[in-house]
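Below: a set of structures, written as structure tokens.
Look at the two complexes coming up: subunit A is in both, with subunit B in one and subunit C in the other.
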Partner chain A sequence: MIGVGIRGVTKSYGALPILRGIDLTIDPGEFVVLLGPSGCGKSTLLNIVAGLEPLDDGAIEIAGEDMTHADPSKRHLAMVFQSYALFPTMSVRQNLGFGMRINRVPKAEIVRRVQSVAALLQIEPLLDRKPAQLSGGQRQRVAIGRALVRSTRLCLFDEPLSNLDAQLRADMRVELRRLHADLGSTMIYVTHDQVEAMTLASRVAVINRGKVEQVDTPQKVYDRPATLFVARFVGSPAINLLEGVLMADRRFRSATGATVDLSGYAFASTPRPGTEVVLGVRPDDVRVAEAPARRGDALSAVPAFTESLGPRSLLWLELDGQRWSMYVDAKGGAIPTGPFEPGFDAADASLFDKTTGVRL
Partner chain B sequence: MTRSKAPARGLSDMPESGFRPDLVAIGFFLVVALVFYGSLLWTGYLSLTNSRLIPSYEIVGFDQFARLVATPRWRTACVNLVILGAFGIAGSLALGTLLAILLDRDVRAEGLLRSIFLHPLALSLVITGLAWRWLLDPVTGIQSVLRGLGWSSFHLDWLADPDTAIYALVVASIWRSSGLVMIIMLAGLRGVDTDIWKAIRLEGIPLWRAYAQIVLPSLKLTIASCIILLMADVVRSYDLVIALTKGGPGFSTDLPAKFAVDHFFGRANIGLASAASVVILGFVASLLVPYLLIQRKGRA
Partner chain C sequence: MTRTSDRERRRDPARIALYVFLLASAAFFLLPVVVVVLNSLKTMDEIRQGSLLALPASPTFDFWRIAWSSACSGIECRGISPGLFNSIKIAVPAVFLSVLVGALNGYALSQWKRPAADRIMLAITFGLFVPYQCMMYPTIVLARTGGLFGTYPGIVLIHVVYGIPYTTLLFRNFYAGLPDELTKAARIEGASFLQTFGHVMLPLSVNMLVVVGVLQFTGIWNDYFLGFIFAGNENAPMTVQLNNLVNNTRGEVAINVNMAATILTALPTLLVYLLSGRYFVRGIAAGAVKG
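What follows is the complex of A and B.
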């Protein structure tokens, strides 16, 4: 188990900046997911860690050693690719063993390691098949196997599940979690799929436009997004947002004059009245206000339509010209049909500076 | 009442234009059937007769084939075909693949180099042959240039020697065909998944092993296509011989196609020439065997 240090890494393709100074420390045994929309630079970052792409500035440390300019094969790491990258003319067994053969590992040792990895991934019956004779899920297993044969200390994954169908993806997620628990390897995993990030990661690094927006546990990233971008990108259905101004008495006032009391909100610093802000509330936190204030300036929502999700339904609302959503109990029958006052706990909400996008 | 039928006609049958695609196609098929397969069958028939200057229809069985096999000139032609095939194809394949690999490894000025290597293909074989005849001619070509520069002992007269003249043909055919192989192989190499290359670098696999054991084996269908194209070129390489050596010195660079043409039109021995043509047809048909094998393997 080895740690990885990413120190001030920058990279641009010509005039186009891809990474604008990335700092990230990954502890031994961690499962870190790099999450971000396509084109945010997360795959480039992974390739730089692997040494497959040069960086412009900064440094990469692996196991405490400076590996910035080391050859990819000397970095003590293995990698799993989106397209599996199995060698097409070799059998599964040869695919697993080829790297070791090149590196003159004794034959008996090759056989032993191939066997143990094949057993771990339950691919023994496939050992003599060619990649073309395998299904997508089997190929992915073999690709993971090839990585594990190479190194169980540090494994990089570049969107490994995105070519699989939904069911297989769910299975492989569980499998990867089990592998991580069994082997304790350090894993760095790139994806744009937030479900994968949420379910796999011990820590998620959300990346946007070549910058790390937030590094935290999945729950923290979801509950307390550090920036407006993170709030928007993580969570499905998307977070409910409302623009407004912060007033002197820790109240939020929307453009139409509706106000929300934020005295229960944990401000990061003393709020400055007059700041233009964006209020964010997760759909799970919205409910029908139990004790409606019945003031003229209370929030007012008009139900638009519902989506049935089985155990509960998603109710879409029209609120101050914004589209909001909230969960309602499908069986309880308490689905509002007319305008009503929505409520939420200010402690669950998020408040961002409108101009900088940073959490207040 | 009879007139009421007219408006019911659909758009599909427009007799006014008189255009019938099926008739055009039938014409095409008739031409192919008569000219191509008709000639083929007729040649096959003639090869079983005792025709000399003009076709005769007296069947003599396989006499012409026996005579063909007994003709030293035919045997030389077949040996030459094998030499040209083996060395020419191997050479073009090796050189073309090497060029493709070099281009694929991000050489500068790829576009320029690509057109330079592909250029020979655009030239008529007659011009290729002529150019190489001049280059290999002791009086006008490479030998005289190098001797003029002071290397007075330099010796290059392949075309004059019956034992080496066929290798001049091999060189010219490699020069001509390697550009084609290069362009096909380059397309194949460009199709290799970039993730495979990343995996290769990560495993620390040396470049030559990566090509020899991973990349080129995965391009075996591409390579097979090249071989089939090259084999077809070799079997019908008539014009190159004519332009470069005219079959000489003596008959030392004769090829089956030239043998057949000479006997048809020059030596007025239609029966023997037909037999030779049938054998050439056999060669061509055998080209399809590896192709069919690959196809079958691909389906299995």
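What follows is the complex of A and C.
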């Protein structure tokens, strides 16, 4: 188990900056997921950690040693690629043993380790097939097997599940968690799928346009997004947003004059009245106000339509010109049919500076 | 598709016209070959009397034997058989080296992602389009200075050098079409550049190696100009000896022997095409859809 330090890494292709100062410390044994939209530079960062791409500035430390300019082979890590990158002319057995053959590991040892990894991933019957004779899920397993077989203490994954169907993806997620628990190696995992990030990570690093926006546990990232971008990117259905200004008495006022009492909100610093802000509330936190204030300036929502999700339904609302959503009980629970006053706990809400996008 | 629809399609007039056209073109291109073969089997008398296209009355391989082992060119009367061995001796190492170096170069250039790599590629491509006749004089001077002019290593080296731009270009485009992640995966596994090339890339390029090998073999085997200038007398390839034989001014012009010698000279390339046909078609198709 080894830790990884990414220190102020920058990278541009030509004049186009891709990574703009990435700092990230990964502790030994952690499962860190790099989450971000397509094209934000996740693969580039992973390739830099692996030593497959040069960086412009900054440093990479692996196990406390400076590896910024070390060859990939010197970094003692394994990597699973998005396209699997199995060697097409080699059998599964040869694919798994390739790295060890190159590194002159004794034959008997290679056989033993290939056998044990094949058993672990249940690919023994496939050992003598060529990659072209495997299904997507099987190739996936072989690719993971090739990364595990050398028992490196650091594994990098670049969207390894993105080519699989939903069912297989769910199975593989469980399997990856189990592998991480069993092997205990440090893992850095790139994805743009937030469900993967939420279920796999011990910590998630959300990346946007070449910068880390937040590094936290999945729950923290979901509950306390550090920026407006994180709030929007994480969570499905998306977070409910409402623009407005902050008033003197810790009240929020929307463009149409509706106000929300935010005295229960944990401000990061003393709020400055007059700041333009965006209020965010997760759909799970919205409910029908139990004790409606019945003031003229209360929030008012109009139900638009419902989406059935089995035990619960998702109710879409029209609120101050914004589309909001909330969960309602499909059975028994009263589904509002006319305009009503929605409520939520200010402590569960998030408030962002509209210009900087930073959490207040 | 059902059998009947297949049959109907075969009866389709447009299709019949297509076949007629294809057959006619094939016949047109085969005609010279037919003439050469037919007349290599006839005696001189028969050739003089009949039409070039007439079938031989009593086909005989005598003239093939003469062309092979006893026809005269200049002072010698040993046929063109010594040329065959010279040609093999020249072509085999030259094809092997130019293909291997081209593959290695091509792979290196496909991996090297700097503007300099593109500039080098451009220079190599430029080298392809300069007719090598233009470069003959400096090449001769260079070869002479290096003591390679008119020697066996000299002619092999010349073929390798002139083949490299071509093979490099073909292989670079082939490797550039393969997914980058293969190379990355091999590097992560600890393979060096040469190990990646040898263990991962070369086995992937078998079809390509055959195609480029066949093209190079044909080019080098059929070369006359370089062999004539650089090979020296005792290494003269088959083409040069064929020319000497055909242009031998002493005595009557033995058309049948000349034709037989021509066939013998062309036979190896034909054989190579036939034997490699399967790979050849596959390799060309692979190149077309980028692997």
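Here, the second predicted complex is superposed on the first by the 357 of 360 C-alpha atoms of A that agree within 3 Å, B and C clash if a C-alpha of one lies under 4 Å from a C-alpha of the other, contacts with A are read in each partner's own complex, and residues count from 1 in each chain.
The criterion applied here is as follows: contacts are C-beta pairs under 8 Å (C-beta built on N, C-alpha and C of every residue); 3 or more make two chains touch, one makes a residue touch a chain.
Please read these numbers as outputs of a predicted model, since none were measured by experiment.
S.K.: Here subunit A is shared; do subunit B and subunit C fit on it together or clash?
M.R.: In the superposition, subunit B runs into subunit C.
S.K.: Once the structures are superposed on A, label A:78 by its partner contacts, choosing first (subunit B), second (subunit C), both or neither.
M.R.: both
S.K.: I'd like to know which partner A:88 touches here: subunit B for first, subunit C for second, both or neither.
M.R.: Touch status of A:88: both partners.
S.K.: So, does A:256 touch the first partner subunit B, the second partner subunit C, both, or neither?
M.R.: Once the two structures are laid over each other on A, A:256 reaches no partner at all.
S.K.: Once the structures are superposed on A, label A:219 by its partner contacts, choosing first (subunit B), second (subunit C), both or neither.
M.R.: In the superposed model, A:219 contacts neither subunit B nor subunit C.
S.K.: Touching A:25 in the superposition: subunit B (first), subunit C (second), both, neither?
M.R.: neither
S.K.: By the touch definition above, which subunit A residues appear in both interfaces, subunit B in one complex and subunit C in the other?
M.R.: Shared contact residues on subunit A: 47, 50-52, 71-73, 77-79, 81-83, 85, 87-90, 98-99, 102-103, 146, 150.
S.K.: Under the stated contact criterion, what part of subunit C meets subunit A in this complex?
M.R.: Subunit C reaches subunit A through residues 179, 181-182, 184-192, 195, 199-200, 203-204.
S.K.: Which stretch or stretches of subunit A touch subunit C in the complex?
M.R.: On the subunit A side, the touching residues are 47, 50-52, 71-73, 77-79, 81-83, 85-90, 98-99, 102-103, 146, 150.
S.K.: Under the touch definition given earlier, write down the residues of subunit B that touch subunit A in their complex.
M.R.: 193, 195-196, 198-199, 201-206, 209, 213-214, 217-218, 220
S.K.: Quick one: in the complex, what on subunit A touches subunit B?
M.R.: 47, 50-52, 71-74, 77-79, 81-85, 87-90, 98-99, 102-103, 146, 150, 158
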